[in-house]
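The first chain written gets the first letter, and so on, giving A, B, C, D, E, F, G and H; residue counts start at 1 in each chain.
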Amino acid sequence: MSPLAGYLLVAALIFAIGLAGALTRRNAILVLIGIELMLNAANLNLIAFWRYGPHPEALTGMMFAIFSIAVAAAEAAVGLGLVISIHRHAKTTDLDEMNRMKG
Amino acid sequence: MIQTLDQIFVLLKHWLLNFLPAAWQPAVGVVLSVVCIIGVFPALFAFTTVLERKGIGRIQNRLGPNRVGPFGILQPIADGIKSLTKEDIVPLKADAAVHFLAPIVLVVAVFMGFAVLPMGRNMVLVDMDAGLLFYFAMGASTEVSVFMAGWSSRNKYSLLGAMRAVAQMISYEVALLLSSVVVVMMSGSLSLVKIVAAQNQYSWGLPHWYIFTPWGFAGALMFGIAATAETNRSPFDLPEGESELVAGYFTEYSGFKFALFFLGEYVAMFSIAGLGATLFLGGWSAPLAALQFIPSWMWFFGKLMVAMCVFIWMRGTLPRLRQDQLMNFAWKFVLPMCLLNLFVAGLWRFMGDGLLRWVICSAILILAYVGMGWGEMKRKHLGPRTYRYAE
Amino acid sequence: MTPSTIDPERLEGWNRPPIIEPDGEGDLLEVAMGPHHPSTHGVFRMDLALDGERVIRLKPVFGYLHRNHEKIAETVSYLATMPYTDRLDYICSLTNNWAYALAVEKLVGQEVPERAEYLRVILGELTRAQNHASSIGFLLQEMGASGTPLMYAFREREKILDLFESLTGSRMMCNYMRFGGCRVDASPVWLDAVRKVVAGLPAFVDEFERFLSGSEIVMARCQGVGILKPELAINAGVTGPMLRASGVNYDIRKVDHYGIYDRFKFRVPLGDHGDIYDRYMVRILEIRESIGILEQALKGIPGGPVMDPKAKIRNFRPKPGEAYGRIEAPKGELGFYLISDGGPNPYRYRVRPPSLINLTVLEDMCLGSNVADVVLIFGSVDIVLGEVDR
Amino acid sequence: MGIAFYLVSVLTVAGGLAAVLLKNTVHCALAVTTAFAGLALLFLQLDAQFAGFAQILVYIGAVAILVVFAILLTRGSETPKGGVFSKTWLAGLAVAAAIFAVLGWAVLQVAGSLPQQNAAPAVTVNQIGEALMGRYVLPLEIIALLLTAALIGAVIVAMHEKEGD
Amino acid sequence: MAVDENLKIELGKQGVFVTTVEELYNWGRRSSIWPMQFGLACCAIEMIATTMARYDLARFGAEVFRPSPRQADMMIISGTVTKKMAPQVVRLYNQMAEPKYVIAMGACAISGGPFKQGYNVLKGIDRYIPVDVHIPGCPPRPEALLQAFMTLQKKIDAQPLTGEGRPRHLDAEAQGEFPVPVEGEHDLEPASNKGVWTVPVVIR
Amino acid sequence: MKTVEEIKTAIEAAVPGVGLTIIPNPGPSGQHSLLLAPEHAASVAKFLRDDAEFTLDFLSNVSGVDWPDKEIAEKVKVTRQVTKTVDGEEQSVEETVEEVRKHVQPGFLEVVYHLYSVAKKHGPVTLRMRTINRSDQVELPSLTPIWRSAEFQEREIFDLYGVVFVGHPDLRRLLMWDGFKDHPMRRDYVEPDDYEYEPTPHDSVLLKAKAHQAAVAGRESAQ
Amino acid sequence: MLGEGILKGLAETAKNFAGSFVSAERMITVQYPEERIAPMEAARVFPFLVYDSKHPEDSLDWEAGMRCVACQICEKECPPKCIYIEKSKDKKPDFVGKMQIYPARFDIDISVCMSCQICVEVCPFEAIKMDTQFELATDDRFGALLLDRKELAKSNEYYHHIHPTEAAEVDARLAAEKAKANAKVKAAADAAVAKAATQPAVPAAKPAEGNKQE
Amino acid sequence: MASSPYFSLAVLFVAALGFGLAPLGLARLWGRLLSPAKPNAIKNDIYECGLESRGDAWVQFRSAYYLYAIIFLIFDVEAVFLLPFAVAFSGLGAAACGAMLIFVLLLVEGLAWAWAKGVLTWA
């Protein structure tokens, strides 16, 4: 097996874990953590493909990963800010409960 | 002879390695270097605690520890034995696992920083291209350990102390990063070895240290402030501000775990002082061309100890700030100054040689400094007062 | 600025601490500060409710050093109460002695020889100087100054304590004054030693001021923090440097002219803002004025006895009656209220503790400020628990 | 594919799993920090030194702090009454498993044809800087805009508007 | 205690080693006694004076006043312990990590002193916690505290690591918890703790 | 500064129906005091504080005093009708006889306020208030709304003497703990028996120790 | 807010730091067990009982020479009640040679004593004085802190040693009293011889009390 | 492998970990052998100034902390972009520097906005 496949498998696993977390947890913050994990898995893919791709000197994948880190950070800030904002009004971070209140 | 002395540790290591098969040599070489780092800095920590206690004692017109061993030099060893044999208390309500991990994470994070610090000519564990970034990445990890310690204790003072500490550390981390960027701009490298090399030149016997330029001086000042705050030293020692928060985030720690926090804090001071020396004071280079015969590592550790003495001196003198003042200072003074300094550094490069750029760059920085200082004072109505008397 | 200018209709409730509403975000953190806390000067306790770092409720809890001073004094003789007064405000035992002696002298109408009055003034002003110095030291300690100002203050304090010891025999618990004079006479050697110490005091105050008064950190932490309005200060019975830092000209040395204070020229420093910095500076300036009084007293001290020959030591039984005597102690108005029923022990013995009453306004000063300011405001009140709880 | 890879992968996956499974939210945050560290190590193994350190700096130094602050701000460290998993947890798990199956199947399908190249590219920070100022200058500015927008947005969302202000 | 027996045999074989360890251990803990930052009354001022420049407790390495009981080794009961304060003092003592020492400084701490007739004054802190060194005086001079400190050091020096006479914290059987009295309607309950305070026989 | 009599006149003019009594002080200090009727205390206090002439804005000291029930033996001259034979005629004559009568004067709790003026720099004016008895009618009006400095001092008197101040904003125990039941500054307070052993073999000490041992023995036998 | 105040403060501490190496004003530590602050003459710690020794070289006559006559004034006046006195049944001659009772038991509990010196002030016989010994730390609460009369007895020479001026005054006063008493005794004896009648002498306490009026 | 910089880092990591763990292990051993720990409910209670601890410390904090964390995060990310720029700075032309200036100024604008909005004022 090529090293790339290993990295891709790890990335897929982390992506799946993140997805499972995002879908199963009730706490909104943990859902965001799951999403962060998924983004990171994507980053790993980017870097792995860049590393084993045809033009590593072009830096494309890596630059993309760095930009992606920046975007993910922005996403985390806004996402967690939203959670805090919702908590302020609904006094909960529980997604099930939020749904109930909405309905 | 001078060169031998300069390289004595490197030569010693190679001489020792010669006894080993060639295949082992690189690995064992690394281990030897690591052992040196792990050995030297705790020893220096022990020495500095005595120095601090005696130094502050002298500032306060007293002697300080002088009865345990000659001149009190064995005091830290006694403290060590005592801490080692002291009972370890973990509160029942506390989160035992995190409570245990916190000091370890702190110690690991602060020791990792030394990997990229050049402690003398050819004396660096790893010369990485992204060395400075690595250093900051490791520095960022200490915040997690502080939070772990405070949160896991489940003590109000601890948690409040930890939150304060983390808020303070992240605020000054930005300043620390931005004040180092100017150095990187001028030296063109994140590798600390190259940064020292760039400063290790002399004109008229005087060194090309960055501190001797307007932007370098401002950067060094901001770096010093941020470093003091990062390491929770007076006047920024709020997280352990005992007058409000008993003992801050390590209130519930006893025995050697507490000692590890203590050690971690001091080692972080060494590390950040070493970084400051490397960035602005030419690392291991001699302050005068004529003094180059003194070994490079001596200069490095000399600068380190001078920085420690300044830390101690400030601790012996200054009262501490309040949390809001500290945060305002970080975001409303240090950070704008750092950003301005970036701009000045750019200007410096594009203005070319000559006296003019000295005048203009210094003028901008001094004006900004004075303006912000006066403005703040006027706005808050602070200042000396006169008093009236009734007969 | 007299409170009579306040509209009486508006008065109901104006002297209560303000009610501060939390802004609804975050939990209130209920923190007990004390009784074991590094900066409560012993065993004081404050129950705080914090909204973030803002104090929205503060309840002082007293009594951790309630040693039943008043009860004990009702069971022992007038003379035997004297050493107990040393232990009230244990930093300034001599002024406590003085206040108690003054009250008893009022009760029985006793005269005090002139030399004894001079000695009382000298010792009282020395006490004031050392109390103010160490109180500033403690204040700075609370500000986190790792002990250096306190060490400098205690360096001077030790010199003054040496004087106390060589005259009265004890460093802190002097037990020196008696009804109708002082216990022992001061030798010329001792007076020379006092002159030497007094000559050294201005240099110490200068050093202190260079060290601290101009420091930006001290200013930033002290100015505009813990403001006490003069109207409230008077109404709450605040006395001493705290009252004067709020700008109220009230010094019992000037008002009552007890002892022989009308013979000395001195000024009363007043603050305009009533914040911590003013309290700090008023104390510093009062040390300077005390030095002036000391110099005058040392110049003018006459010869003669130090004890009224008519005074009785044993079998001291005042006639029935009552008296309230007060002096300007370093911490404020220290008063003693005595009721005699003709017996050897006081029927009722009451101390008016300036420390306790100055703390009345602690809550008003602290509410709404930062939790870190609480210890500073508390320190600027300058209390001693022995007197607060008695 | 040395032993280091397996070690780090196990660390990362374990961190991720713990982050998803643990009850206490702060523990989850600390576990995810471990996962971030593992990912950074994987980046380093892939010779993306700069990206690896940036990952540590941003994720461990800042995002992790942000997460724990958010937890403390929302009282998230208390264990909720109704369990930590949502009522539809089974469906979620199934979806995740299915996706992993598909991805894993796809990777294994093409595993043989994936490139084996091993020559480590020598990427210096200087190169990254030049690329950033050259080819990627537009994305850089966009990122700046995005960050500023995120800053303002997040602050507005999270800020507690005081009544009467 | 099987472990203990084995240990004893093992240690018996290595007598010299034990002696050295004992010396080192005693030297370590006596040279590094960190007091708790804890003052009660008048004596606290003299305690502070002891740490100040004139007397300088720091010379003995004992100036590290720790505000948290977890990190402190020694509690100086400096002043009157009132009944209202006693539960707090006992709880703080309990919360210190072993080995821990107590110095009762001044008459009030030893016996209630001049205030022992008071209704709110505890007649000696040794009713609730074991005291290592008593210093009489009201208040004791700073030198007296230094002398008491050295007395404590001598006491530590004389303590063996194993066997008879070993200090409380090295003895698995010895008491580790000191019950905290409760504030009752008229008095503290209990008025003293059995096991810490044994009523000596009245001399006459 | 005016004399107590002048103050009394001024108050009586300003506050109608006020019950004021001058309590003279026989001692050399000459600090005579005014006894206030509790129901008018607040208005009198307010008058003294706000009146431009007095401006007694500074309440220096508040003390409680306990006057327990006193048995007073007094000689009373009693006049009674005695039948006497005067001049051989039985007449009813008034005769004055001295008789010793014992009666219990009910005790009371007293609160003494010492007032000064910061604005006018005079003082002290002493005010007193008395409760009806020492057991169940111990209410007095609180002067804390007028002078804040009474706050802690009144709490202290409540704690140590048991005077209940009506209108006090926060009347809790000040010095003793909340669960404490006694009022220790009262003169009939009995100390708890916390006596076990003291090294001083003082007579009273030995007595106490004996009593304690007896009490302990009693408790043990009771169990 | 420009930092010059902070710099001034730093300069001040630097001055103290440097000064601590050269000036005694700035290095005031007295290293206690080895160096000591010169003891003050007036210093007082705990009381002791003075005895007049005829043989200063041995301290055997502490009981015979004790000035205390067990009048119990100090016991009554002691604020914390830490003195306990039992009178003797028999009598022994005091310093004037008059037969007096003496304390069969004289205990001071220094774990209670507050060093107030009131016992000294009220003592009409100059029998109790304040010691300057303060190094009394002990781990034995009951054994070491309750001093009996033997432990309390210190010779007049010791008193002279610790409080020379005061002791000289006391000695002079006592000598004067003794002379007066002797004169009185002599006069009484003369009178007695003259009157040839036996009459008890005036108690010696009265003149002593008259002299102690300060 | 040994020549890789990461090997040195790994060795340092292990050594630092050992440095932290070894004394704790030693302390545990000492406690096991000689000085038995005697945990009890009073000793292992939370310290609260000598009082019985009341209430939980894990309470809800205020958003002030979070706002600082956001700004910190943004500037941390900015630094990640600034550092490569700074490294390449000496070789860059004025245009590139202008681009970076815009980048920085955009973020400064965010900071200025936050400042004006009072976010930087600690409450």
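Please note the rule applied: a contact is a pair of C-beta atoms (placed from the backbone, for glycine too) under 8 Å apart; a residue touches a chain by one contact, two chains touch by 3 or more.
Predicted, not measured: the structure shown is a model, and the values here were computed from it.
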{"item": "Shortest walk length in steps over touching chains, subunit B through to subunit E", "value": "1"}
{"item": "Pair of chains whose C-beta contact count is the highest in the structure", "value": "A-D"}
{"item": "Chain at maximum distance from subunit B, centres defined as averaged CA atoms", "value": "F"}
{"item": "Farthest chain relative to subunit E (centres taken as mean CA coordinates)", "value": "A"}
{"item": "Distance between chain centroids, defined by C-alpha means - subunit A, subunit F (Å)", "value": "77"}
{"item": "Centre-of-Cα separation between subunit H and subunit C, whole angstrom", "value": "46"}
{"item": "Centre-to-centre distance between subunit D and subunit A (centres being mean Cα positions), rounded to whole Å", "value": "5"}
{"item": "Separation of mean Cα positions, subunit H and subunit E [Å, integer]", "value": "39"}
{"item": "Set of subunit A residues in contact with two or more other chains", "value": "66, 69-70, 73-74, 76-77, 80-81, 84, 88"}
{"item": "For subunit F, residues that touch 2 or more chains besides their own", "value": "175-177, 184, 198-199, 201"}
{"item": "Where subunit G touches two or more other chains at once, by residue number", "value": "1-3, 6, 9, 12-13, 16, 28-29, 31, 79, 81, 109, 111-112, 114-115, 141-142, 145"}
{"item": "Touch list for subunit E against partner subunit F, complex", "value": "84, 111, 116, 119-120, 123, 127, 183-188, 191-192, 197, 199-200, 202-204"}
{"item": "Residue ranges of subunit E in contact with subunit C within the complex", "value": "37-42, 44-46, 48-49, 52-54, 67, 69, 79-80, 82, 84-85, 88, 92, 108, 114-115, 117-121, 138-139, 141"}
{"item": "Subunit G-touching residues of subunit E, taken from the complex the two chains share", "value": "53-56, 59, 107, 110-117, 124, 126, 131-138, 140-141, 143-144, 146-148, 150-151, 155, 200"}
{"item": "Touching residues on subunit B, where the partner in the complex is subunit E", "value": "53, 57, 60-68, 72, 74-75, 77-89, 242, 246-247, 250-255, 258"}
{"item": "Of subunit E, residues touching subunit H in the complex", "value": "7, 68-70, 88-89, 91-92, 94-95, 98-99, 161-162, 169-170, 172, 176-180"}
